[in-house]
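In what comes next, chain A is part of two complexes: it sits with chain B in the first one and with chain C in the second one.
Up next, the complex of A and B:
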């Protein structure tokens, strides 16, 4: 073989390796997506099947959806969940905005505070639920109920909300505030006209995260519910008790999942929207 | 006419007296004093870290001096008054355009803050855009603009508030060579049209000479010379000034003898003669610099010992074409000297470099002469 033929063979080998590794990566990616979305699609299929509890799809029917909207026992828990989630969402927006706008610009202190907040993410939810009930009810005297749920959901959702604001705030060019001051703007005007509009995508997605994480929260709610029934608590209880509600849960879960999906896509597109767009 | 605020009161528009700014142990600005008249175009020139931007930020109110005796703008005491209450505007090197606003809203911002009604804001913003020759850009988004257009929008945004002083912080630094020259002319045109006081910060000696009638040269946080560009060229108060202004031939020697204002000095056993800077009287044996510009250096071929003429032999040369002339770098025993000639020289050809002692300025090495008197400040450069 001449030197030039050897070179060509080597280049061809490199191309083959690249082709194969790309193929493997695509296949693994598809497996991952199927593992994540398979159950959700299956759930949707079950919700329109006559015998959902058998786990086999078909023959297809809309009977469960019709029953879902005649037997409305899930409606009150949904309203409770929406009310709690909305409150948590607003709380998340305000606190994440207030803290997240400063943290990227205060150096090492910001990092320490951020890690303190993020550590909460790594604690098991059930354990935190027990901790909360002991600390809030016994030590602080907070009665379990709506407010303890809101508090627990907020503690759970806040780190995510904060991260959304920080992603945007760390891209924020603080020199713009100096420019605004130079043009005659006071502090409030600087915040309202320059900082807030530029941080808004992060603040709004903080709200979305707060809303979704609260809406679907179960482990902490089990301990802190008091007399309150949220939607996840309702579904959990119904699914566990083999009641006639069970087939309906499929339909309900499908609807909630679809709704959450839309909100999540909205939140993410806001978060990663280019500043210049 | 919305521009060119007519100020009837006389007196300097800006007075800074003894401004000092420390950042921890670092002295960024030391005892700087500056007085600027209305309609003046002043350049703060200096290498990076010389304190020129710090001085500009103190004038804008974006930075607080550690100590200051006087700071007045338009006759009013501005010490401790924050930036948003000062009637000055800055054009930043990074432009600082607000990315979420259109070009028009950016320019209107200063008027919005001042509570002007919407129709007036719009009208004046359009006028400002015409002033910087971007009449059709009102509704553009910032990211659609080129670098030069952003520069003009930043300029329009600063001018629309009719500041008493326009501060320009290396505004042309990010532009390419052709645009730089265009904007230099543009700024001059605007300044003459509006009659606003301009203070420009730059590290480019060439820019300072092109733009302004007065150059304030800074080094290590201090103002080292303040005067017309010709003065800085012909009477550099220190070796730093001579070097920074681009005087090509600067040698260092010791004083041998002084006759009136003519001084004989010795550079590595060679005798040279030059004229003392006004206000400078060196001690015998004091180290001094001697500076001559390239266009004053002639090339001859015999040694000359005529009085009032400095000379040194060179062994080879390198001719560098500069468009309208050649800069000929001569290899001499004292290092490279530069002579400006209309024609190139044969590289191998030796000869003698000749220049008149009247074209040589002799000044101090390690101290600067006080600008007003002869009081030596006794500080290292």
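Up next, the complex of A and C:
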């Protein structure tokens, strides 16, 4: 075999390895995506099936959706969830904006504070729920209620909200503010005319994420509900109880999931608009 | 900002630390003087609860390993193999959206599918592979493993993907130019450089699975009790000391994993790389 033939064989072999590894990666990726989205598609399919509890799709019908809007027991929990989610969303927007706009520009202190906030992402929800109820209810003796739900949801959502503001804020050129100041703009004017518009995508997605994370939060709520029923708590109780409500839960979950999906895509496109443009 | 950091410390970090103290106290119903004791930990070890802890750790470790096997090649392809920006954007969105969706909705749907009369069992029976429905499909450890895969996959892919995008393409070129085979490049360049992401991915999947209570309750039934469910039962039974001890146990595991993460980051160089990765 000549040297050039050997080289060609080696190159050929390398290409084979690359091709095969790409195939493996793509197949694994498909398996992953199916693992995530299979259940959602199946949920939607079952919600329009006549007998969803048998686990077999079809014959298709809208009867469960009709029933869903005649049996409105889910309405109050939905309203409670929406109210809490909106509150958490607004809280997230304001605090994430206030903290996120300075945090990337203060150096080491910022890193310490950031890690103190992000550490919550490492804590399982159940653990935080237990810690909060023992601390606030048992040690401090405060009755749980709406406030504890809002607090727990806020603590859960805030790291995400903060990150989305920081993503935008760290790309922010602080020289713009210096220029504005040199041109005679006051502090408020600087913030309103320059900082706010530039940070707005991050702040809005902070609001979206806060809303969605609160709306779908379950593990912390189980501990801190204090007699209040949010929508996930309602779904959870109904799904666990084998009640007649279960087929309706499929329809309800499908609607909520689709709504959340649309909101997420909106928030993401807002957050990364500048990169794709 | 300092005010907020202080409030956050009092409102969030203090409860976590406070629970460590509670787990060490003997609290009597009459009030009385609390005394230092390790009773709660003894109870975890002696009663069947140790089994729950061990089972939870075993399940979490297995699922984390499976997710790592799925995620590493996929993340590598996403970061270095895929050229089309549109497909990349679509996959990014698909991988981000699940963070904001309800777990319950996605998990309850498995129950009828895996059930005794579900499509998997009846399908296998029609095809003649089995004569009776497989009882271990639902309310078993296998169904819990299976149910945990989907919800926690994004937690594993994201950190690995982020650390891989930080690898300079020139390094891969250089490795190829000096005659390394693709496998050598993978082992000597890509794996070491993405180690922070891999470690972070393991932490981000392992820890939340430890605390998961939805999947185990819905797909494991009464037979596969995990830490999350056990803690809920304890709180409902007003057994706060043992619940606090379990919470502390998880905290110790988290701290240990964090330590490993920090050490890995230090050997690879640059604690800030993960933060940088997040900024991208």
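Going forward, the second predicted complex is superposed on the first by the 267 of 277 C-alpha atoms of A that agree within 3 Å, B and C clash if a C-alpha of one lies under 4 Å from a C-alpha of the other, contacts with A are read in each partner's own complex, and residues count from 1 in each chain.
Keep this in mind: contacts are C-beta pairs under 8 Å (C-beta built on N, C-alpha and C of every residue); 3 or more make two chains touch, one makes a residue touch a chain.
Predicted model, so just to flag it, every value in this text is computed and none were measured.
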After lining both complexes up on chain A, report clash or fit for chain B versus chain C. fit
Is A:194 touching anything from chain B or chain C once the two structures are fitted on A? First, second, both or neither. first
Partner touching more residues of chain A, chain B vs chain C, is chain C
Taking the superposition on A as described, I'd like to know which of chain B and chain C A:261 touches: first, second, both or neither. second
To the nearest 10 degrees, give me the chain B-chain A-chain C angle using C-alpha centres. 100
Of the partners chain B and chain C, which touch A:95 in the superposed model: first, second, both, neither? second
Kindly classify A:37 by the partners it touches after superposition: chain B alone (first), chain C alone (second), both, or neither? second
Given the touch rule stated above, what does A:186 touch, chain B (first), chain C (second), both, or neither? first
Quick one: classify A:219 as touching chain B (first), chain C (second), both or neither. second
Quick check for you: in the superposed arrangement, does A:28 touch first (chain B), second (chain C), both or neither? second
Quick one: is A:178 in contact with chain B, with chain C, with both, or with neither? Answer first, second, both or neither. first
After superposing the two complexes on chain A, what is the shortest C-alpha distance between chain B and chain C, in Å? 19
Can you list the residues of chain A that meet both chain B and chain C? 276
Give the list of chain C residues in touch with chain A in this complex. 1, 4-5, 8-9, 11-16, 18-19, 22, 69-71, 73-74, 76-78, 81, 85, 89, 91-110, 112-115, 117-119, 122, 149-151, 153-154, 157, 181-183, 203-204, 207-208, 210-214, 217-218, 227-228, 231-232, 235, 240, 243-244, 246-247, 250-251, 254, 258, 272, 275, 278-279
Touch list for chain B against partner chain A, complex: 60-62, 82-85, 88-90, 92, 94, 96, 98-100, 109-110, 112-114, 141-143, 157-158, 161
Going by the contact rule at the top, pick out the chain A residues touching chain C in the complex. 14, 17-18, 21-22, 24-26, 28-29, 31-33, 35-40, 42-43, 46, 52-56, 95, 98-99, 102-103, 106, 111, 113-114, 116-117, 119-128, 130-136, 138-139, 151, 155, 160, 163, 166-167, 170, 209, 212-213, 216, 218-219, 222-223, 232, 235-236, 239-240, 246, 249-250, 253-254, 256-257, 260-261, 263-265, 268, 276
Residues of chain A defined as touching chain B within the complex: 173, 175-176, 178-186, 189, 193-194, 197-198, 275-276
